[in-house]
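Look at the two complexes coming up: chain A is in both, with chain B in one and chain C in the other.
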Partner chain A sequence: MNEIISQYFTWPFTIGAIYLGIIVIIRFVRWVIGLSKIDKIRILKNVFTIKTWDSIKEAVSEGLLHRKIFKTNSLLGYMHMSLAFGWFLLIIIGHIETIYHEGTMAFPFYKSIFFRYFVHESTGNFIANLFSETMDLLLLFVLSGVFLAYYKRINSRIYGIKRTTKLKSGDKIALSALWLIFPLRLLAESFSAGIHNNGGFLTQLLGNLLYSSFSLEPAVDYMWLAYSMSLGFFFIALPNSRYMHIPTEILLIFLRKYGVNLKKRFNTYSQIQVFSCSRCGICLDSCQLMNAEIKNTQSVYVLKSIRNKSLTDETLFNCLLCGRCQNDCPVGIELNDLRITQRIESTFEYNSSYEYLEHTKAEKADVVYFAGCMTHLTPAIKKSMQYIFNYAGINYWFMDEDKAPCCGRPLMQMGQYDAAQKLIENNRQRIIESGAHTLVASCPICYKVFKEDYSLPHIKIMHHSEYLLDLVYKTKIPYFKPANRIIYHDPCELGRGSNIYEQPRELLGFYTQLIPIQAEKDRSYCCGGSLANIKIQMHEREKIMNSAINEYLKYEPDFLVTSCPLCKKTFAKNRELIVKDIAEIVCESLQNQYTELQKQNEVLLTQS
Partner chain B sequence: MKHIVTIGGGIAGIEASDVLAEMGYKVTLVEKEKSLGGNVSKWSYLFPNMRPIGEIEDYMKSKYDSNRFTVIKNTEVNQIKRKKDKLEVSAGDELKLIADSVIVATGFEVFDAKRKEEYGYKIYDNVITSVDLENMLKNGKNITTPTGKIPKKIAFIHCVGSRDEKSGNHYCSKLCCVTSVKQAIEMNEILPDAEIYCLYIDLRMYGLEFEELYLKAQKQHNIQFIRGKLSEAAENMDKTILIKAEDTLSGYPIKMNVDLVVLLVGMESGKNTQQIGKCANLSFNSNRFLQPVDPHLARNNSSQAGIFLAGTCSSPMSVKETLDNARSAAVEVHKYLMNSDH
Partner chain C sequence: MSNKFGFDISPSRTIDFDKFDNQILQYVLQHESSFMTCMSCGGCTATCSAGNLIDFNIRKMSLGLRRGKPESLAAEIDKCMLCGKCILVCPRGINIRNVVMLIKKALVKFNPKNDERNN
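The block that comes next holds the complex of A and B.
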């Protein structure tokens, strides 16, 4: 019996490794072939450039060292790093050790994996000693990660994450195999060390201990077989489990560096992103829907459902597209755009034609002002903007003062891409006809679509927070600083969506005292009012809003300032904090100053 | 002698205190404002019979001028604690009152129309609330818009801050519909040439004679009723207001310029009710009003023994209903004190 085992025990590993290799190669080839022609050209153009080296660096820092997870939580980062980087080093150093021992590179692949089964010479040589001690140290390193992983299932809180993902059966098999690999390796090597004295500090100690109470010879082959089987099982389960992210993530890193990007339709690059998800669950904690007890629509579950082809509209559309998860994703998956792509796929049949849109004439002006429908529902903002335009003497045209089509972004968020194009084209023509050099939007939702989906060459597109800052710098409007302490709420579409964090803060610096807070810039909250979610209930939105307000109240600000009419409108429901738009702050300051000047003039007049 | 503390000197608090005083109890009424009367003093004439509010005020004045109960003004209650079988009411800086029973009559607050920003209150000059209009009516028959014009076209907007999920209030304030009809008639009487429109979701003429008032408004006063919610308002250069809505009966969108917009603001549970309710550990309903233990059989009993609810702290009510409710609160207090052994 033992003879059969000793002859064939490497087979589970070898078969598993070959199976895994073939599957991964087939998938990679299919994915790359499936990319659009332009993406393939991008790959060819970039593969022999510095970008490949950059990709390798990123693959090491993210795929092995897990730098981004370290940033979220160091214990969680250590767990991932010890497993990935530790295992990687075990393979590499094990291989070098085998080369050193064999004096050749020509040996069966499995030999370095089961080195201590085959090589029994007791240590003595300094370099051989160094190898065995190093290998033990690395094994200990990996085992520490394995034990942290066990413990994470019991108590995930100490890893900085409140929640962890639910597992499906493929994952459970792979996870059990993975959890067994290193303890079994420790036992197998210790058994061998107990018998042959070929271990390092760890395996030798454990081997001697065991050997002093049991006879290890009859069991040692079984132990190595178990180790081999755990590896084999893991490799075979891997392609159908979440661990497929390990090879896929590397591919993603390279393709991303080469400039491959997501399209409006689901393609193999979307698929690569889907398979790159490790289901670490960090996105669950980022998601504010959790505050409203919505627990099964988060990005990790969307990606999982795409993989299993079980995505429902209920999951797909119950998302604010706030982008907090995308910001926290350690793999850098484009979670928002991926979800929008799915929405495009899901709503393909019912796009509206918008045939009734009429083409109305544009007015000639230097600046086009587009308030947006949300600003029409928060008229204090548009009134402030009109005041400031007039104050600064700008030749502007209020494009949607009476009527204009929607900017198209809400339809985009819904996946109604073709319908949105009709609105975009109608607005675009009028903007160009106006002959303006600048387009100012008051709503970040409009701003994002103007920036990304309107082709407006030679026209500068600005959100009003940028534009007002510009006016201050050009000394078109004055500033003075009252003692108001305020908190600035970053709107999702302007902050994470368009990367505009500094301009509003700089502008507010001229007019207020800005309180720095913890949840700001890319860590900022969503107000809960997002148009992107059509499944959420009003009372659930309220919970999301309240969680943000309660956080802001801790800083005891005089006002909450935002630069998005939708955020303002959503927050207006709260009864404790006054909410203003950044344009109102500027306008009020100008008006106050104006009355101050008038008073001074009156004093001067009466004195004279 | 048993001692009762009433919190709030609006019509509910005064009426309940007076009834209990007449029964022979010692009553102390604590009011946070400088004078008694509460929200009622904001109105001019009462529906459905256009009774001048002065008559109600005089009635109330006769009650608290009778000195049958003690009145402490300018003092805010900040704590209610149970001390064995008594209740200790702390108010102001150092006032402490020991009571056998407490009546909460903290009333309501008018919905802050600024929270419904798309209607432009305090942004556009010629948008006012129904409370502002009552105040104008009180001050005589010279009705002009805030920008100084005699209005030729007036729009009354119903359900501002009521039946509106987006402003956080699901409930119907029930009195605004009839108030709108009343004010529309009053405006027509003062300005017979003005065109008057009422934009409503549906009309809830729940009380006796309310329906008659509504019919009268259409037949004799030529008020136009449009079933449709205001979507947004915008200010024109001449300070008139452009309103956009949909006439849901004809199915057409409406866009019209009016000289004056009147927002029918609803009733909300106010800050005082919230604060008193929280410090005395009373139950609230989902609309933030105080919750009686039984909506039919014990409407005045709060979730805490010995603490009773009178008037609009538990739901929107008209003047008539508030007075009824306050008297029934007095009876409940009496029953409670009779049955308790102390």
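The block that comes next holds the complex of A and C.
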């Protein structure tokens, strides 16, 4: 029996590794072949450039060292790093050790994996000793990660993770195998070390300890077999488990660097992104829907459903597209765009034609002002903007004062890209016809679509916060600083969506005292009012809004300032905190100054 | 309209239960139960961006749906631009944009032409 084992114990590992290799190669080839022609040309163009080197660097820093997870939580980062980087080093150094020992590179691959089974002589050679001590140190490093992983199942809070994803059966098999690999390796090597004295500090110590109380010879082959089987099981379970993310992530890093990007329809690159998800659950913690007890529509579950082909509209459309999860995702998956691609797939059968849209005449002006549908429900914003335009003496045209089609962004968020194009074309022609050099939008939702999907050559597109800052710099409007302490709420579409964080803050710096808070810039909250979610109920939106407000109230601000009409409208439901738009702040300041000047004039008049 | 002055009364109207077609209505209610609470106040229609551009009455549409007369639904629903003003105005907090998307979906789903594919 022992003879059979000693002859065939490497087979589970070898079979598993070959199976895994074949599956991964087939999938990779299929994915790359499925890319669009342009993407393939991109890859060919960039393969022999610095980008490949950059990808290798990123693969090491993200795939092995897990730098981004360190940013989320250092203990969680260490756990991932010790497992990935430690295992990687074990394989590489184990291989070098075998080459050193054999004096040749021609040996079966499994030999380096089961090195201590085959090589018994303990030499006094310094280098050989160094190798065995290093290997033990690395094993200890990996084992520390494994034990952290065990403990994470009991108490995940200390890893900065409140919630974790539910596992599929495939995941459970792979996870159990993975958990067993390194403890079994430790035991197998210790058994051999106990018998043959060929271990390092750790395995030798454990081996001697065990050997003093048991006879290890009959069990040693079984131990190595168990180790080999745990590896084999893990490799065979890997393609159908979440651990498929390990090879896929590397491919994703390379393709992303070569400039391959997501398309409007689901293609193999989308599939690569889906398979790159490790289901770590970091996106669960960043999702504010959790505040409203919506617990099964988060990005990780959407990706899982896409993989299992079980995605429902209820899951797909129950998302605010606020982008917080995308910001936190350690793999850098484009979660928002992936979801929108799915929405396009889900709704492409009923795009509207909007044949009724008529071309109405544009007015000639220097600046076009597009308030947006939402701003018409928060009239204080458009009135403030009109006041400021007049104050600064700008020749402007209020494009949607009376009537204009929607900007098209809400349709896009629903996946109705073809329909949105009709609205975009209608608005675009009018904007160009006006001959303006600047387009000012009051709504970040409109701003984003103007910037990304309208082709408006030679027209500067600005959100009103940028534009007002520009006016201050050009001394078209004055500023003075009252003692109001305020918090600035970054709207999702303006902040994470369009990367505008500094301009509103700079502008507010002229007119108020801005309190820095924890959840700001790319970590900012969503107000809960997002148009991207059509499944959420009003009372659920309010829960999300209230939890954000409660966070803001801790700083005891005088006002909450935002630069999005929809955020303002949503927050206005809460009575505890006054919410104002950035344009209102500027406008009020101008008005106050004006009345003060009038008072001074009166005083001067009465004095004279 | 021009020759009418002052008040006018709507022609009398009956709902024929034999012709009552509530397939789409049921589908919508099943997926968006808040639609049940609509009291036809017309706030949505008053604020509607599309209604500002063309004759488009979402309240009338929802009434037609409730009365089992979805004939003109397909042509009407296509006018909606999904801008979202209606949901902010609605005193009942109805997810009107979801209702619109569900109607669009139902029209494709229950279209006899698409039966083969759906089965």
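By our rule, the second predicted complex is superposed on the first by the 607 of 608 C-alpha atoms of A that agree within 3 Å, B and C clash if a C-alpha of one lies under 4 Å from a C-alpha of the other, contacts with A are read in each partner's own complex, and residues count from 1 in each chain.
Here, a residue touches a chain if its C-beta (ideal position, glycine included) is under 8 Å from a C-beta of that chain, and two chains touch if they have at least 3 such contacts.
Everything quoted here is computed from the prediction, not taken from an experiment.
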Which of chain B and chain C A:Lys573 touches, first, second, both or neither: first
First (chain B), second (chain C), both or neither touched by A:Met538: both
Which of chain B and chain C A:Lys383 touches, first, second, both or neither: first
Dominant toucher of chain A (residue count), chain B or chain C: C
Contacts of A:Pro410 with chain B and chain C, given as first, second, both or neither: second
Doubly contacted chain A residues - partners chain C and chain B: 376-377, 538, 569
Chain C to chain A touching residues, read off their complex: 31, 34, 47, 49-50, 52-54, 78-85, 88-89, 93, 95, 97-98, 101, 104-105, 107-108
For the chain A and chain C complex, residues of the former touching the latter: 313-314, 317, 347, 349-350, 352-354, 356-358, 373-374, 376-377, 403, 405-406, 410-411, 414, 416, 423, 529, 531, 534-539, 566, 569
Contact footprint of chain A on chain B as seen in their complex: 115, 117-118, 120, 123-124, 165-168, 232-235
Chain A residues within the chain B interface of the complex: 376-380, 383, 401, 538, 542, 568-569, 572-573
